[in-house]
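Below is one structure; the comments refer to it alone.
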Amino acid sequence: MSAMLLNKQKWTEFTGILSGKKVLAPVACGDRFRYAVPAEGKAFSLDFDRPLVPPKSAVFPQTETLYRFQLGKTELAAPQPGEELILLGVRPCDARAIKLVEKLFRWDVDDPYYLRRRELTTVVGLACLEPGLNCFCPSLGGGPASTEGLDLLMVDLGDSYYLEPLTDKGRSLMDLASGLLEEAGEEGLQKKEEAVRRAEEKIRRTVDTDGVPEILPDLWEHPLWQKTAAGCLGCGTCTYLCPTCHCFDIQDEIEGFEARRCRMWDSCMFEEYTLHTSGHNPRPTRRERTRNRINHKYSYFVRKFNVIACVGCGRCVNYCPVNIDLIETLREVKEAQ
Amino acid sequence: MTEKPKLGVYICHCGINISATVDVEALTEYALTLPNVKVARHYSYMCSDPGQLLIKNDIKAEGLNRIVVASCSPRMHEPTFRKSIQAAGLNPYFLEMANIREQCSWVHEDRTEATIKAKKLVAAAVAKVRLLEPLEAREVEAERSALIIGAGIAGIQAALDIADAGFKVYLVEKSPSVGGRMAQLDKTFPTLDCSACILTPKMVDSANHPNIELITYAEVEEVKGYIGNFEIKVRKKARYVDFDKCTGCGDCASACRVANRFASEFDEGMGKRSAVYLPFPQAVPAKYTIDPKSCLYLTKGKCGKAPKCAEVCGAGAINFEQTDELVEFKAGAIIVATGFDVFDATGKPEYGYGQYPNVITGLEMERLVSASGPTGGKIKVFNGAEEIVPQEIAFIQCVGSRDKSVGVEYCSRVCCMYTAKQAHLIVDKLPEAKVRVYYMDVRAFGKGFEEFYDRVRREGVRYIRGNPSEIFKRGNKLVIKAEDTLTATPLEDEVDMVVLAVGLKPRSDYRTTMELLRLSQSPDQFFLEAHPKLRPVDTATDGIFLAGCCQGPKDIPDTVAQAKGAASSAMIPLAKGKVTIGAQVATVFEATCRGCGFCVSICPYSAIELVTVNRMGHMIEVARVNEALCKGCGSCSAGCLSDSIQPKSFRDRQILPQIAALGVLR
Amino acid sequence: MSQQFEPNIVAFLCNWCSYAGADLAGTSRVRYPANLQAIRVMCSGRVNPLYVMNALQQGADGVLISGCHPGDCHYMEGNFHARRRLGMLKELLEFVGVDPRRFHMSWVSASEGHKWKEVVEKTVEDARAAGPFEGFRRRRIDW
Amino acid sequence: MDLDKLRKTAAEVVSRDDVKYLIGWRPGSYGYRVAPGFVEEASAAETLIFSPLCTINLATYLTLTEKLPLPRGSAPDQRKVALMVKGCDSRAVLQLLVEKGIRRDQVLLIGCPCPGVVDTALLSLKYPETESPADLKWNGDHFLLRQDGQETAIPRLSVLAEKCRLCRYPNPVISDITLGEPVEAQLTAEDSAVAEVEAMELGARAAYWEEWFSRCLRCYACRNSCPLCYCRDCVLDRLNPTWVNRAVNFSENTAFHVARAFHLVGRCIECGECERVCPANIPLGRLNRKLAREVREQYGHEPGIDPDGKPFQAGFKPDDPEEFIL
């Protein structure tokens, strides 16, 4: 199937086709949006601002039970595989991030939890026609309508959505709705490209990543880390909101005589992230932690997977309570060369 | 410590006390499903010898290392089972009891409900016992000496008792002489024996006793440590008179350039003394002291050409170069006998004290009637500028007692009787005088008190029930405005002298003592005893005891009785030479302690202090527990924001699983 | 017949007064509901207010803390500390929407076996009226 | 405030031998952001500002600095940290002193009387941010916004931070150097936000907080930004015992927030940082202000005011309220 158009008047019908499936879509939550199952009777809407928490949480939940057990016993019970899931309204940057993170979960061993969820999930993207103040995805090889990691891309053309299938999962979803769609044709394609081009022009902030992975190891003891870290509160905002951050911790939780082992997001900005049982901490201060965050994204990940683990979504810049600005830091890295 | 827990759960039938209501068999089966439970048994009387043997045998045969006994209250048999598991080689603190009798079978009827509850209680005990730690009670050596603060009758008596028992006593007195308030009194009620006559021999004994080191004109400056091991610093103030050289002849006092110019403290300001003085003729030690606040040489740096006292002193004892001296010693116990002050009658301005010289306090009256007093025992007062022998005399009781308007709610216990005594003495000395007593209630509760009160009334002293509202001057008479509440008659009574029966108050410097020893106060501001009924001489801090009026108003016999009680309590650690330190005490995890000192403020026993430690080159403060002082209440722990201080056996990590075990069975 | 909801109540009793009072209730064969299980602590001052939150999280429908009457504390001041801490906790829990009937505090002396019975009855009755605690109970959430 | 004077003072202060560095505010990288400025040299004092955008409570940084092991024989740097403080910030410092979190000789305080800062989120909602740093000034009952060469007068109350509407201590309660003139404390408005929650039915209140706490990410920004959450090892991070599971869900999140709020009882100085930094916009200020109000009204205690006061949680009064006791 080629690119199609969905008239916005048929949106309700389109969402009706999805009923019966588990769909996560952006839901307003105060003045923030988050991915959630819309409340009973509420329609899905694609009229939203960039959600606070990236949709990586759908495939890599913040807390995930690995198995359960009884104290004093040895039997384990692992949870059943989850259900099929449609992720609606995913920004291209976040979709790229899911694809990037997958590299980690496919590395040395295949992670059954992540990959199973990934397999069950259809990612429907929506091109980002109103980029935010701190968006810089083009600097990282993405763009307002980047398709990497998406099964289906949607572009808002005003009175209709442009639907571009990218994978079999995407195509089968479009097949379900084929009765509602019409060929996009050349005109549709042009309108789409025009919209995307306008969006690209709106992006203000840029990062020059050229050579950064190579420079970083040489800046190991550079004062810029101390300077960046001085104001850092050591909270997990930047990492928890980052679509590519994927560090996790595994903990046992006990209630009464029952327990579960679970995996939960961790953050390299926390002191106990690398705290050893002995009390020794190889990253004892915020300087080392701040340095790690940048290095992991812009150096270690590159060495291992040949791609920068940052998609330029701008969340860390938007939400840092003390204005630690990744873009500034990268500029300083370049300048320090 | 790292040994994996192996639990035994022992369920008692208590005859049928438990088994009639709780299904002990089902309970036993349930216990076996709980984590780490290796053995679970039920038996008719777990506390019996065969019952205990059952446990002991299992510990040996099955290698059990934690025991749960589900039976009666731990308040009943915890010591029993601790002993028995200890006999089997286990640490006695590896025991937890589930109270399925007092708090289960005896209070519930429904067998199903009671069994469910018993299961929860056993589950909670299992949850906790798995995480208990081995503990040990310790003994430390005790210093065989006592410190007594205050050498009034209470301090002297306690010192003599302890010294007679063969222990060293440090008796520290703030003023230049021992004797305290009792030395100021004339006669004592109700027997009328002379206060000085019965006191002075004891004063002399306290100075001469080989086991007593009397330190007068000195103040305790620092007390550290705990029962058995108090470390004490005392500041001996400079007397400017060489203690060893002074013969007590008194030449200096007569020669003093400002002789008899200063109000005598001993005579309540009614008599005068010199700058160099002996507080009173019978003072012990009979050594003169120069008051640095009144001495010309010490205040102005100059006294004529040369100080006269030094010139006349044949012994050459005057030494203006003398300085304060610090004495340090250790003591195993401390008795606080700091006494009292009397109520400041200017606090009741309506009575005109301080305004009219013929309105005086009861304590001033003592000095007035005393043969050794400023008037040689003659009762005379100034009425304006004129000295008179009063003929119309009124006493007003409860001045600064039982009076919320001045913040004193308590009864001072001695004023009724000292008023009766003083009334008697006046009648005795001035047979023509007319004496009346304004009172609220007369409290004559002690041995011989009521009889004495009766005698005084028969001697013609008139008791008028009514609280005077005002005293003012009319002509050369004082007028008391009052109402006789028995006849509901308002009256204006013209008199020559008024004696205010002032009540007893905590000493004005009580706060210093309180902070020094971290004592507590009762609402009346006197020092608080550990228990009002059963530990009336103890304080919250082990090894510190109270005697006399510092704990609350009392008369001489009560003071002496309490002093003797305090002495015998203080002698327990002294006689044993050892003190036992409880095992279930708080302990600090210094790595997480932030040194805020919340626990230090919270601890009622001053068992916690902040110490500076070197943490990788940084000097930081952390809390440290003195295990000898800690009672294991755990209040510190609940107030610690970083959970760094924890009472052993009641740690958060031991209690939280208990909560969880009770919750999951909902 | 509808089954009556039986609340699960966790109580923290000080060793010297309230636990002894509860023992006395037993010795006096006083009858009271079986919904409440006591955890013995040395002093009500030992009760970390967060125990209350933890108990609610772990399946309690109600929590009771009982200590000596003011002025009677075996450790002199522990109950005063407990009173201040738990008074503030009560404000906090109520503000976040926990039914105030789920949390009680009492003074029960070693001689008040009958008062103990009344306290238990009141606590159970209140928790029953408040119903099963779901709120932030752990098991309500995927656990 | 006179910025020249501020910068001159700052330059003098950092030039002192007994001062390690100064922490003040500097313009952020874009829009309405302001960042903490760490000034070690007099020349860098030029970057400092004080404006209605200076919301950050810098007192937090006093306890944030890690104490690394020192080489044997070397002494720790005993020089002072100079800190710029608004009224609320100074209360945090005072409370830290009362709790021995810091020592008086470790800090040099530059007091900045504060007519109230803005709610940056509200401001950017009403007047969108741009990528260039904006300038905001106090001007009577208005704020003057200068952004990309344009000047806008914004009615003060429309963007004033909630905590500032309720501020009772706009002037530093403790400082070594005070800049500018004292600000008059306004008549305290009723805390309508707290009252709104109080007025809810119990069930609605539970639902209200469930809605909010469910969104919590447990990023710990609230805790870390709080000047009075400075335990070396927070109990809520600890595993033995586990007070709060690390799992992120409504139950654990509630436990976390209840515990956090409780630990601040009688300690919170109402600077509002927890609420400001929360990426999920959870109204944590309401929680803290409610408790602060109860402590004030029921117990007559206000933290961060009395340098000789006893910490609220470390004491009691025999006549503390006890109406709630059966």
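List of remarks:
Order of writing sets the chain letters: A, B, C and D. Residues in each chain are counted from 1.
Here, a residue touches a chain if its C-beta (ideal position, glycine included) is under 8 Å from a C-beta of that chain, and two chains touch if they have at least 3 such contacts.
These numbers come from a predicted model, not from an experiment.
Between C-D and A-C, more contacting C-beta pairs join the chains of C-D.
One finds 36 Å separating the Cα centroids of chain C and chain D. For the pair chain A and chain C, the distance between C-alpha centroids works out to 46 Å.
Each chain gets one centre point, the mean of its Cα atoms, and the points for chain B and chain D are 45 Å apart. Taking the mean of the C-alpha atoms as each chain's centre, chain A and chain D sit 31 Å apart. Counting partner chains per residue, chain A shows two or more touched chains at residues 253-256.
The multi-chain contact residues of chain C, meaning those touching 2 or more other chains, are 49, 54, 58-59, 77, 81, 85, 138, 142-143. Looking at chain B, residues 591, 602, 639, 652, 656-657, 660, 663-665 sit in touch with two or more other chains. If you sketch which chains touch which, every chain touches every other chain without exception. For chain D in complex with chain A, the residues that touch the partner chain are 28-31, 33-36, 38, 56, 60-61, 64, 66, 68, 121, 125, 129-131, 215, 217-221, 223-225, 237, 239, 242, 245-249, 273, 276-277, 279-281. Those residues of chain B that touch chain D in the complex are listed here as 523, 591-592, 594-602, 610, 615-621, 639, 641-643, 651-653, 656-657. Within the complex, the chain A residues that touch chain B are 70-73, 254-258, 279. Residues 65, 253, 255-256, 260 of chain A are the ones touching chain C in the complex. Residues 197-198, 202-210, 213, 243, 245, 249-252, 254-255, 257-259, 261-262, 265-266, 287, 290-291, 294-295, 298-299, 312-313, 315-318, 320-322, 324-326 of chain D are the ones touching chain C in the complex.
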